[in-house]
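Lettered A, B, C and D in written order, each chain numbered from 1.
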Amino acid sequence: MKNILKEVLEESKKYTEEGNVASYIPELKKANRDDVGICIIDRYNNIYTEGNYSTKFTIQSISKVIVLAMALMDNDWSYVFSKVGMEPSGDPFNSIMKLETNDTKRPNNPMINAGAIVTTSLIKGDSAEEKEARMLNFFRKLAKNDSLQINYDVYKSEKLTGDRNRAMAYLLKNDGFITGDVEEVLDLYFKQCSIEVDTVDLARIGINLASYGVDIETGERLIRKDISRMVKTFMVTCGMYDASGEFAIRTGIPAKSGVGGGIVASVPNTMGIGVYGPALDKKGNSVAGIKILEDLSNRLELNIF
Amino acid sequence: MKNILKEVLEESKKYTEEGNVASYIPELKKANRDDVGICIIDRYNNIYTEGNYSTKFTIQSISKVIVLAMALMDNDWSYVFSKVGMEPSGDPFNSIMKLETNDTKRPNNPMINAGAIVTTSLIKGDSAEEKEARMLNFFRKLAKNDSLQINYDVYKSEKLTGDRNRAMAYLLKNDGFITGDVEEVLDLYFKQCSIEVDTVDLARIGINLASYGVDIETGERLIRKDISRMVKTFMVTCGMYDASGEFAIRTGIPAKSGVGGGIVASVPNTMGIGVYGPALDKKGNSVAGIKILEDLSNRLELNIF
Amino acid sequence: MKNILKEVLEESKKYTEEGNVASYIPELKKANRDDVGICIIDRYNNIYTEGNYSTKFTIQSISKVIVLAMALMDNDWSYVFSKVGMEPSGDPFNSIMKLETNDTKRPNNPMINAGAIVTTSLIKGDSAEEKEARMLNFFRKLAKNDSLQINYDVYKSEKLTGDRNRAMAYLLKNDGFITGDVEEVLDLYFKQCSIEVDTVDLARIGINLASYGVDIETGERLIRKDISRMVKTFMVTCGMYDASGEFAIRTGIPAKSGVGGGIVASVPNTMGIGVYGPALDKKGNSVAGIKILEDLSNRLELNIF
Amino acid sequence: MKNILKEVLEESKKYTEEGNVASYIPELKKANRDDVGICIIDRYNNIYTEGNYSTKFTIQSISKVIVLAMALMDNDWSYVFSKVGMEPSGDPFNSIMKLETNDTKRPNNPMINAGAIVTTSLIKGDSAEEKEARMLNFFRKLAKNDSLQINYDVYKSEKLTGDRNRAMAYLLKNDGFITGDVEEVLDLYFKQCSIEVDTVDLARIGINLASYGVDIETGERLIRKDISRMVKTFMVTCGMYDASGEFAIRTGIPAKSGVGGGIVASVPNTMGIGVYGPALDKKGNSVAGIKILEDLSNRLELNIF
């Protein structure tokens, strides 16, 4: 396995030049375009790492997966899905248009920004502080890493430049899909995007989803089985922005990417994978990350279809 | 298993009243709204049937799956996917809009009408007759049923009322996604939709896809492994019209429906399922069929995620 | 003329039942659905009134016309039209979609909400207070009525329920079409919509535009000639929401409506007309007001085409 | 006047380099990019010409104005406008999208291709030949030129490459906005676009509309007054493709352009203007033609607003 990882990582490095580091906020621009890292945790808790596996980056849209799980734990299914849909959108992740043209005006799914703003608003707590604490705690539990922290520089930048998300949130408020204070919801949304992780954290999250929500070491149930499945389903249908379909065709692995350069992948009953490569393609997915997951899928027969 | 099928079918019958038989052409209106049938073929070639399992109906959009496989066998991947995309569309199956608003103007995927018109145009043959013969032959082979025939009454009706598909086809021609004679392409498209099958045929198609393209009786390879996977992936991301996301969440089974009332489902490495129930919901999917697949997924743990 | 007004008004009253008073804020609901009023001021300064001509109502979207004139007086043409377009949109007045699908992402024109938020942001002033004072002063001058005031109950309600406009404004900020503090721009926008007028005020505004910006009593130039023409052109192409085309066909008169029930009409070189009738059709235009302007156009040959 | 025309034409010639001759069919490419011609006919039947005023070109979209008048003469208003709308679309002339997203699915107006296909289908006649003869005759009458002919090379090219219009027509058929044989309707549509005219013909059409449908020489009524007004209204709101709003702002003159390089302008009660300049801007309007009409509007105070 170690050799495979080395080869796969080496091969993927050839592609980093084709991508660009996210630049919409200064903090993300600081990432090193050529970095590539990977961590695999299998169902027997074997951990394999390679390259810049321990480099820290912000989780960004990968948080949508975890917040969805939390919204589904905190609320009835039917309530959650009255506020956000289950369908791929066919549009870019930050599209506003569908909020107007959809019959229901609901966000299409929880993997686009508008949908994730909704799931964020569904996290329970008596105060903003409690919601943030519960959220961060859940991320730490899933990643088995109590040192996970919000990167406050990134958070502040996101907040400052987040007018497009702000526009969506006010539209969602107007149409009754979120309630309460818009800026408070956005604050929690920007915070969750700004949590710092490395590939080991992502691989751990991946294996916890792959094992249907049970911690493979302790046997503790972290997430209900049905919710762990739902989350992986959304990863396949909408996890890679508007390249989700192609990624599913090429790899057949449930995965979710973020513009920080990370991708979490979760092969049911088999393994969790965390990859990092901040050079992004035009859709916002890690160039090297996609290459690595394609190669691994082929070599290790990870395709679930 | 027999008991499970009985119960599941009985339960599903309660829902047929909520749906309506397709009515856009007179032939489809003749179906009996309360009919429900099911056939399962597992990887050991055990065959289980129940209800109206042998009632004949036209395959309609389920043909898109088979024609996609054929287009991928007849052409290079890269060529096929230069003419039709891999992404869910988030729009109804007969939407034209995306052909204009997409950057590429390509149909989003081969499971919507526009995309299936493209894949149909990619079937090889020296003449219209040869293309039709090759197509019908491939359907027969996948269904292991040499008596499959086109229902010419349905075909003629489809052709007569097919102006919306005709509009799409001319737009696709205009934008260079299909070549040759538009009416000839449409003719083959309407014919493939009009092939008559029963649930046993569908279950057989399903198990052939589930076994990665190998005939489980004879060991003959009917479809390349990678193509069988691709096809199942499209079934998950776009198989159930604009309810594909919800269906994937609820069942986790690759499936494709048609307005004739059929659904083919293919559980990788496990089983093929054919269901029939002509009462359709608003999205065009069999009401009873969806209910049956949900129940089976839960009882038999068929969810792949 | 007096008799014509009587007849026209009487006739129009039959149609008020077909409409409904705006209800998105409580204050507007208080209007009396059957009220109809009219005032005409011709180029010789003859003033004719009938019905509820002196009933007060909020000016609402009619303010867009005046704020456009002001933006064009405060800034270069080219600058204004780099921030807002000149084309009819074919979409409802509060549509957000075009801000995403337009090549330029600019609001289509200054008569839809998004465009008016832009022109509002272009009003000059060293402080929010100064901008408000300049704005109110300009309204008073054009209406020749120093007692015009903001209705603060309406303003507060607009502000409280204005999340859709807020969404637009943040999107405009994000895309660089407005600068500065979004809430400050919106505050001025909500205020201008809440100015209280009667039909005499509107008729005066109408004649001032009809006389190419010159006060017909004093000869004072209030607006540049070219700006007065531009404003009337926008009234024809986009003045009556997404019923502008039909209204132009039926009357041939430049006009602008508001959901408060008012319509200002300006027949070049001929007359200004103010009408009031709070019962609105589905597009948001005064039912009786449209009827009156159609009748007057026919009887007095006011059609400019 | 002669001097003004000379100067205006000379000035406009500077801009021809900014445009390009239409190239979607070979015949149009043959036009000389630097040609500019103009003809004015005033209400006293004075005729002024300059430059390439007698060069022949195909009328193209300008025909939409005449066919609209004919449809309104052959049918009830209410019937015509149940099949085609009265609103500007905010979209390119050959857009299909709105046929799907509009509530009514009707073409927005008769000046876009889809709308003109509808008005074409409303021309009365017992046979295709009679319809064509009636149509050509009406064009000749309005242009006072019995030698007007269809350019059959252009017609054949249009027909051959007209798949986008064909797509629209089938969609219109599908949705019930046109009836009868689609290819027959399209044939008449392609023929009307291919009628050859010069600027004198256009100026004559313009003055006939400007005089409210009465031949200024003979006093013969060619078009009903109300129809002549309606037609001019559509010219203002939708006559210059998706640059109609800007053109109205800049000139205030009802006008209709065609990709053959012609523009017909009709100043109510004042004059008809024909201009020719085959170099087109990106929206499909004659670069020199727009410049000329802007200059003339300013110099002769032709702005109707």
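The rule we apply is simple: contacts are C-beta pairs under 8 Å (C-beta built on N, C-alpha and C of every residue); 3 or more make two chains touch, one makes a residue touch a chain.
Chain by chain, the UniProt names read as follows: A, B, C, D = Glutaminase.
Because the structure is predicted, anything quoted here is derived from the model rather than measured.
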Both-way neighbours, i.e. chains that touch chain B (Glutaminase) and touch chain A (Glutaminase): none
Duplicate of the A-B contact set - from A-C, B-D or C-D, the pair where over half of the pairs recur: C-D
Centroid spacing, where centroids are CA-atom means, of chain A (Glutaminase) and chain D (Glutaminase) in whole angstrom: 54
Chain B (Glutaminase) and chain D (Glutaminase): spacing of chain centres that average the CA atoms, whole Å: 47
Chain C (Glutaminase) and chain D (Glutaminase): spacing of chain centres that average the CA atoms, whole Å: 32
Overlap residues in chain B (Glutaminase), where contacts from two or more other chains coincide: 101
Pairs of chains in contact (touch as defined earlier), listed by label: A-B, A-C, B-D, C-D
Residues of chain B (Glutaminase) defined as touching chain A (Glutaminase) within the complex: 85-91, 98, 108-109, 229-230, 232-234, 236-238, 242-246, 248-249, 252, 254, 268, 303-305
Contacting residues of chain D (Glutaminase) [partner chain B (Glutaminase), same complex]: 95-97, 99-101, 163-164, 166-171, 173-174, 182
